[in-house]
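Dropping the structures in below, format is structure tokens.
Two complexes come next, and they have one chain in common, chain A, joined by chain B in the first and chain C in the second.
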Partner chain A sequence: MVNLTINGLKVAVQDGSSILEAAKFLGFPIPTLCHNDGLHPYGACRLCVVEIGEGPRARMVSSCTHPVQEGMKVRTASSRVVKARKMVLELLLASCPQSKVIQDLASAHNIRQQRFKQEHEQCIMCGLCVRMCKEQMVAKAISFRGRGERRSIGTPFDAKSEVCRQCGGCIYVCPACQLRCTYSDPSKVICGGCANLTPPCVGKNESFDDMMCYMSPCVACEIKKD
Partner chain B sequence: MDRLKNYSDFKALQDRLIADQAPNIPTIVISAGTCGQASGANELIRIAKRELLDNELSDRVRLRITGCHGFCEQEASVLVEPAGTFYPKVQQKDMPRVVCSVARGEVVEDLLYVDPASGRRLEKQSEIPFFKTQCRTILGRNEKVDPIRVFQYIENGGYASLGKVLERGDPQWVIEEIKASGLRGRGGAGFPTGLKWEYLARQQNGTWKYLICNADEGDPGAYMDRAVLEGNPHSVIEGMLIGAYATGAKEGVIYVRAEYPLAVKHCVIALRQARELGFLGENILGSRLSFNIRLVKGAGAFVCGEETALMRSCEGRVGEPRQRPPFPIERGIDGKPTAINNVETWANVPVILRQGARAFAKTGTEKSTGTKIFSLVGKVRNTGLVEVPMGMPIWEIVNTIGGGPIGKKKLKAVQTGGPSGGCIPARLFDLPIDYDSLADAGSIMGSGGMIVMDESTCMVDVARYFMNFLKDESCGKCFTCRKGTQRMFEILDDISKGLARMDHLDLLEELATTVRDTSMCGLGQTAPNPVLSTLKYFRDEYVKHIEDKKCPAGVCKSLITYSINDKCTGCNLCSKSCPVDAIAGDRKVRHVIEPGKCIKCGVCVTVCKLDAVEVR
Partner chain C sequence: MTREGIKGILDKHGGDRFGLIAILEDIQHKYGHLSEDSLRTVAEKTGRDLNDVYAVATFYRAFSLKPRGKHICQVCLGTACHVRGAQIIVEEMQRQLGVNAGETTPDDEVTLETVACVGACALGPIVVIDGGYVAKVNTEKVKRIIDKARSGEAGPVNMAERPTFPLKVNCPRCNHSLMDAQHHLDGHPSIRVTMAVGENHGWLRLSSVYGSYALEAEHDAPLETIIDIFCPHCHGQLTSATNCTECGAHMVPLIVRGGGIIQICARRGCKAHMLDLDGANI
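Take a look at the complex of A and B:
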């Protein structure tokens, strides 16, 4: 066990866990976009920043990738953290305004203005889909390409992937996706785009592995049931 | 070349080489680093060789082809040893005269360097102001050694430090020496090297450990590492061998960018020679030390200069940084403990062991010891590589060594540390150059780029330029660095076009602070430095751009207009050279620029001999 202080509370947590896991376990909410319990931490969205250290040595780190250390002092919602988090959300909202997840987070953090020029990007490059495809679906069909402003996600050379099983896992985990976001909870549906998505099992002659499908529940399953 | 089996073999070789030296035979030294070759050094070498053969001078005059000597402004330069005569900017037609004069023991007066201050011709290299105040412990060795001849390195005391270390047989002593010398990492952060090595030596995580030489030098306008690697690759190899002995590392990697073909070539040759002589491999010089070095070529990403990204790149993966901890010293390449040091740091190691730690620590300041190589570029007379003791004030580097500004314009600022560094205004030129005082001023030492700017440089444009560079070079992994640099560029671009409001300045500052605080790696954390430092010292320029819609330096195209004043004699020079025919006017009549047509390229300003074209 590792002893540390989170928001002034002395706690002991399991060795090897991240700050985010420890804080969540103790009930301190930390917003994230690129974290998923079943995937390796990546540290892309920078929403989960927390402040560690004291005085002039205090610095901010992403809590999802930073392991807990003995005697560490963590502040999950200091004014510096909140200010940075709001700026990150403002940037996110300016680039990717259609995402329901980002809209909700921005609203929860009381973002009432947007000072940057409006963009309409589809992707925030959180890498959840890439990790999902690699780690959970073991397909490695998609990955990051390019760097900086030309960074994008896709298959090699944009060719149709031979290893992609069209499981839909990438869409399922995507925080910015408007297709999949809320279909499983019809009361929250904002666009219903996913209803028009072709389910992966349609048109496949061989038996489709239901367990590997992340579209569930979808139209095709409903039809099958009948 | 026979493999040296033990220390006495090496000693015998060294003694033989020193005995064969004939220090009185004059030697023509031609500086042929990348900069020299670009200025025609290869032709000079060809001519010199032919002259020596044709006149049968081969046994009376020697020729040595070396790496860069540092005075890049005056390439292609020729140095004559042992007299120390320096010939700057030697033309091909003059080379035969130089060779003949060396054979006769004379000096070609009219080719000597002219001191711009006094107008006198200076014969010796050591008299030239550019070299006078430098302390060239690392760079000075470039003149003595042909980088592709290992025997010349050994003859000048090379590998003797390694021999000394192996003879003594105490790794802990080496670490203590490095710690006592106070050597700090020359790559920019300034972490004490001795401490790093001690951590690595103590690592218990497996038996395999790595050492890396970081030669991925990507800062615009900085090329210190290139000069060292091109001019003296064996000094880096020797430094790494000593490091391997001290820390117990088994394998070394030299990560050099592929854009440095000559450095790659010289490194490959040097590594092969070291292997053949038995300085690399199993049981080096009969000791227990076994160490190998491989060369990895970078694929052209600036971010790979960051240590965790560099290590991923070495592993053959995409160069993206990761969160530390775990630090490379615990988990580096393939999860093995790894220590990473800059080229210059490695080149300093043999020097320390040769001089002794105390002698080394005497140079420089208390907390920053030794010398540092800077690449002095921009609006100064003498551009080139300068090596000075730490703690030298900026004005001395810029004015004494650099020769002050070109033309009549006053100097405004110095940008240190490349894109991650900051701008230091002229009023702070008394600042001593060391790690801590630069950091206090809002800049960083960085790897040693030093760009001098005068009144014709617009600070908004400088910040915009660096942000443009960084938004391309950010790896894009973490959101604040990728989007933050793009947004900062967007705002700076708006300011330079006169489209911004005053509240954009606060937004820019707020955004810059967030990017600095929340980014994952060193690139993102230092990316806002150009913005923050220019905002701190040159806020008035930003305000002028926004409120008056004027660019005081006359750089930002959207905010300036060209006009012709009454100094114009109507010589037609400008109207002929205007690419868009925007200048109208008959001969001997004052010309007029049509603002609608003018594309603000500035050609008219450069061609006008009467200063008749004004930029407002």
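Take a look at the complex of A and C:
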């Protein structure tokens, strides 16, 4: 067991676990995007930043890739961490505003402005699909290619892969593939729908009875029925 | 591009799992670019995943997956060259060649590339043609550089096509000629001496071409053994006080006709040698 302090609380966690695992186990929320419990940590999205150390030696690390150390002092929600996370989210939102996952995270972190140009990228290079394919599906059909702004994910030579079983695992984990709801103004950068929680049927006389609703599960219909 | 050629390169690298970049560099050097077939062969033969090989090949700018022209013209756009106007050189090159950076002229002659830094910042702006550096380039020089690239005169001295340099050597003890005009090696008269390795005595013929390590011997000496070499005329052992700087074995001195001395390492397989044409170290 390793003894460390998380947010001032003295705790002991298992050897070899990451800060993220320790914090999650103890109930301290750390937002993640490129993390998936079944996959190796990758440290791509930087959303899980925490502050370790004290005073002038304090530094920011990605908690998913940083192992716990004896006597470590971790702060998961200091003002510096929150500021950094908001900046990361704002940048992610700029690169991929159509992603539901990112929009939800932005809402949850109270992001109300967007100061950067929207890029509408197809991919945020989180590497989830690559790891999913390699580690869970044991296919390794796709990988990163190129470098810098030409970095992309795909098969070698864009050829049809011989090892791909079309399992769809890559699409399942992809945060960019899960499109945001288009109920609220699609041209608006920050959707904020989930933060405002105004169900689409409220204030309308139309009946949506058994139609699939993006808000599902939602209590509005239940209230109406009653 | 033949699979055999790539197999040869892979054999040279011992077929190990490491040194992927060195293998790809060799393939690129031999064929000018990395074809899909060559990458598939490398992945197959080294037991790597094609994804990994492709990721490495696309990561480094030094590797090209597109066929390139016969001559490669690289313009340095590093900081030092940039502040001295390398961008203007690139634009002039693009205008005169009629292609953008990274493209090949339609006649497959010249490929124009930009590189980050070639490590000769004091000489900037630098243009590298087929590996030969042109320093302090200005727009007036561009035309000449392109003509030079097209003619194939540029580039470093090709060691394989360098004029051969045969030596004629004498015994340092009796000054008898050691040249054997009857037996040729590498197209030139060979050097004939007597060798002794263990109990075996016999003749040994060495190539007289400087830079060639070809030899023929009566008895096969295993690599790494030290061979005693004698003059076939005076039967004195040819050995000098100096030791090989590479392996520590004794050196074999031979007098170069026309002045000078060449010393070769007595260890089989060791390529260390010292050529002193002035004879100052005799």
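The criterion applied here is as follows: the second predicted complex is superposed on the first by the 178 of 226 C-alpha atoms of A that agree within 3 Å, B and C clash if a C-alpha of one lies under 4 Å from a C-alpha of the other, contacts with A are read in each partner's own complex, and residues count from 1 in each chain.
Criterion: a contact is a pair of C-beta atoms (placed from the backbone, for glycine too) under 8 Å apart; a residue touches a chain by one contact, two chains touch by 3 or more.
Predicted model only: the values in this text are computed from it and were never measured.
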| item | value |
| --- | --- |
| Fit or clash between chain C and chain B when superposed on chain A | clash |
| Which superposed partner A:140 touches (first chain B, second chain C, both, neither) | second |
| Which of chain B and chain C A:45 touches, first, second, both or neither | first |
| Chain B versus chain C as contact partner of A:124, first or second or both or neither | first |
| On chain A, positions contacted by chain B and by chain C | 144, 146-147 |
| Touching residues (chain side chain B, partner chain A) in the complex | 301, 303, 318, 322-323, 325-326, 471-480, 482-487, 490, 503, 507, 510-511, 514, 517-520 |
| Residue ranges of chain A in contact with chain B within the complex | 42-46, 49, 59-62, 65-67, 69, 80, 83-84, 87-88, 91-92, 94-95, 115-117, 124-127, 144, 146-149, 151 |
| Residues of chain C that touch chain A when the two form their complex | 36, 39, 49-55, 58-60 |
| Complex interface listing, chain A residues touching chain C | 140-147, 155-157, 159 |
